[in-house]
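Same chain, two partners: chain A is paired with chain B first, then with chain C.
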Partner chain A sequence: MSNFLNDKAVERLRIAEALPEFSGTRYILREFLARGGMGTVYTAEDKTLNRRVAIKILDSSDLHGALEERLLREARVLAKLEHPGIVPVHDAGTLADGRVFYVMKFVEGSRVDQSVASVSSLPERLRLFLRICETVSFAHSRGILHRDLKPANVMVGAFGEVLVMDWGLAKILQSDAPRSSEETIVSTAPHSDTIAVAPATEITSPTQDGMVMGTPGFMSPEQAQGKSSSLDVRTDIFSLGKLLEVMVKPAKNSTAFRIPRVLRAICEKACAENLTDRYGSVSALAADISQYLDGMPVSAHRENLWERTQRFYIRYQAAILLITVYLLMRTLFVFFDRP
Partner chain B sequence: MAFDHPFVSGGGNFPQTRWSVIAAAGSDDSAERSRALDVLFTAYWKPVYKYIRLKFSETPDEAQDLTQGFFMELFERDLLSRFDAHKSRLRTYIRMCVDSFVLNEIKHAERQKRGGGALHLALDFPAAEGELNAQTIDPASIPSPEQFEEFFEKEWIRGLFSSAVEDLRQFCEIHKRQAAFSLFEIYDLSGDETWSYAQLAEQRGLSVSDVTNQLAWARREFRRLVQLRLRSICATDEEFARESRTLFGGKL
Partner chain C sequence: MNKIVLGLLVGALLGAIDGGTAWFTPAVRPAIVGIIIGSTFKGLLAGVAAGIFARKVNSVLLGILFGLAVGFVLAFLVALMQHGYYIDIIVPGSIVGGLVGWATQRYGAPAAATAPAR
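Now for the complex of A and B:
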């Protein structure tokens, strides 16, 4: 046979070699889902349980096993975070072709920004946002930062469940360790629009200052500057603020609602340039949103007398109307009842 | 050309070497330099030859002369030392060097037949010419001027895969797995998409699962050998990772 490979053979080899080899596992490869910075996500069928799953598989270009370790750490992070808002991990391991993988629940749904586009009610959108906050707050309580919160990483499932996805850039904070060594990169760049740039020649497990990780438009200023050692929960709060801006933005040409000033103030506080000007915790941010929904004052906005009156009127509108009607009827009764 | 390499004797799933062709090309050690020359010639001479033939419409004789001249210039003028891995991929840099070299030669009309005391590379130009004729037998397959970059990349991939197939053939001979290579040759290399695993199993008197396993083994080894080759012609780990993604970026 000639050594010359025709175009068909070259293409066939490229495709065949790109596909993960599932021999010896309980999974049958189904279809390509998404491609990220270090891995690819496919759907597969679990032969044992006869159900569809999603499998994230490391690309085959891992030279020294560093990415392998990161993908497994990402799986371990997900396994540690048992919460209805986080996709559960079912399995992890190494394929026959040497590529590391982990298996997670397959979620059918849409990105949160696409999902809210069909929701015209602002309170409904805010209640969706509160569920994202619950999940992120839970992760923070377990000492984990997401570091890549954005619409593409939040899914609304078929039953209305809200799922925070892709913990590829997550960082584990260990409260009992000194700050300089208390963090660990779990993984890099799960999405093509996500930056994971390391000026150093090799990324090691501990986060290095100068390493930029996140997504432009959603990452905090300290993330963009690569100040890895100064990241804390307020970094995720910044991204949540950006996410909130997207979620409350009315659809184009829509007259459904305008973004209220109070809500804008909440976004501004969450996305403050300075760390100390932001909310101190996700629950504080969520509390402000809940306060707003309940027609109560929020910490992000100091209201004037007119706004306070307006809010009072909106909150007690029904009672005010009832009392007004009662007083009016009483007045009329007194007036007509005069001899 | 004769190419003594350590690829076929390797093991494991991923290339472990951190050897850099760029560093070796500039090394004081003549054996290292010679190895770098071998690696680069093997990976690039055919893409360079075909590229010159088509892009600059040179005759086979002129293209051979220019190909020889280009590689001589690449090493005599130490052009690889100017390569910056942060700015481009090595193959892009080499293609740009080819453009610059050929345009310069044409402009100054100083081209002479390389011979005498000059380095003469024993390259199989008739084989490359035969491949090119087969590739361009259909006029529609001749790349347009804006497609030459893509053409060069395609030829580079073809060259890399061809070398890895040869490595795999040798590896299978060493490890007495010629049957697996033969299956791989028919199913993946022939370009004949009518073969099924069941047909192959029947033809070879094997079970379908044997065919599946042997093909899986051959592909796994092929991937490892491609990666070893690829790593040897990349300047940095980062470039290797990028190129690997380009190569194996297929979707279902």
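Now for the complex of A and C:
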């Protein structure tokens, strides 16, 4: 065949051949978006509602049903997390060839690290980070760990909306369902830098020690060591700390701002090697960021007298200046009005 | 605290203190009580104006500028009535207005939202 067709044409034919068949559904496939460990994401048109959607489809038909179960479980995790910061799932189903898919909102925007590169204000970047914290905190309140928080998995929409994406490695800590209390969805991330190394038996629902799931550079030490049983909300806090480091890092050759010492201390506390040294909850981390933004002391940094004075001055700068001018004027009047 | 009530209280307190500083000017010391009462009233007016402004505009800088302007106008009117001491009255009066504007923006609570009618 390659004698008659060039490589590009062959590749196009391969892609066309691999495209899932959506006849009989309300969706018209548009274009390839991303590929993950076991699924591919496409954009599609919802004929009924006349809107663009994203569809994640299992790469191949699954004889044992385990991959199907994983993909459906990921869809269920997303469906369970109804929050403005989490991409909503609209539909799920099975194609004629047996492949499972689920339909979600199509998100237009950019990765958070690309988005903050154009933001020169540090407080603005931190407020963006606080919105990520809100979403993750919500997921934790529903008993779900993300386990793969990184810049590639946080999108900022055209109107500044923040969306935490790719819950493919999510872990359910407390399940409402009567099944295992520790379900795991493994290796569905559409980004190639995510690793999911596990024994052949990883398909089973409960998380097993020895599995390494996450992204190097963002996963916590306990995640990297495959200690699945010791994972809790502090695992996501570690990743959030790493994400914060990325988000507050000034652009190359930029002199817009330097990372303040207090903020570095917050990052260090969130990314502490030891679980017990980290923040106990995402809301505690967010509280420290809010305190920093309000010019208040933070739990991660014990400030000296000079730093305290500086912070006090910055916080009450306007009032201090006005009072100083007032006192100065009054003093001058007292001396000049003397007979 | 409600922005207008806060403006009222801070304005009255700072106005009274501002009036009290007239004690350091021996020439006007005999009229100190009247000055304190007048200055407190001036502070009250500036406070209410700054409070109303803070309910409509959420900006510390604009709040200070508005307070300075209101303080300036009120102090200028007082100085006109006194036929003198223009700088002694206008400069501190404007600064007091600025401080009240800052306080209402910084510490005033927004008005409670009303429930939608059914």
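FYI, the second predicted complex is superposed on the first by the 302 of 339 C-alpha atoms of A that agree within 3 Å, B and C clash if a C-alpha of one lies under 4 Å from a C-alpha of the other, contacts with A are read in each partner's own complex, and residues count from 1 in each chain.
Everything that follows uses one rule, which is that contacts are C-beta pairs under 8 Å (C-beta built on N, C-alpha and C of every residue); 3 or more make two chains touch, one makes a residue touch a chain.
These numbers come from a predicted model, not from an experiment.
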item	value
Which superposed partner A:N304 touches (first chain B, second chain C, both, neither)	neither
Contacts of A:T48 with chain B and chain C, given as first, second, both or neither	neither
Broader residue contact with chain A after superposition on the shared chain, chain B or chain C	B
Chain B versus chain C as contact partner of A:F4, first or second or both or neither	first
Partner chain(s) touched by A:S23 [first = chain B, second = chain C, both, neither]	first
Which of chain B and chain C A:V325 touches, first, second, both or neither	second
Which superposed partner A:F333 touches (first chain B, second chain C, both, neither)	second
On chain A, positions contacted by chain B and by chain C	none
Parts of chain B lying in touch with chain A, wherever the complex brings them together	12-16, 18, 127, 130-131, 134-135, 154, 157-158, 161-162, 165-166, 185, 188-191, 193, 212-213, 216, 219-220, 222-223, 226-227, 231, 236-238, 240-241, 244-245, 247-252
Of all residues in chain A, those that touch chain B in their complex	1, 3-10, 12-19, 21, 23, 29, 31-32, 35, 42, 59-63, 65, 96-98, 201-202
For the chain C and chain A complex, residues of the former touching the latter	21, 24-27, 60, 64, 87-88, 91-92, 95-96, 98-99, 102-103, 106
Residue ranges of chain A touching chain C (in the complex, touch as defined)	318-319, 322-323, 325-326, 329-330, 333-334, 337, 339
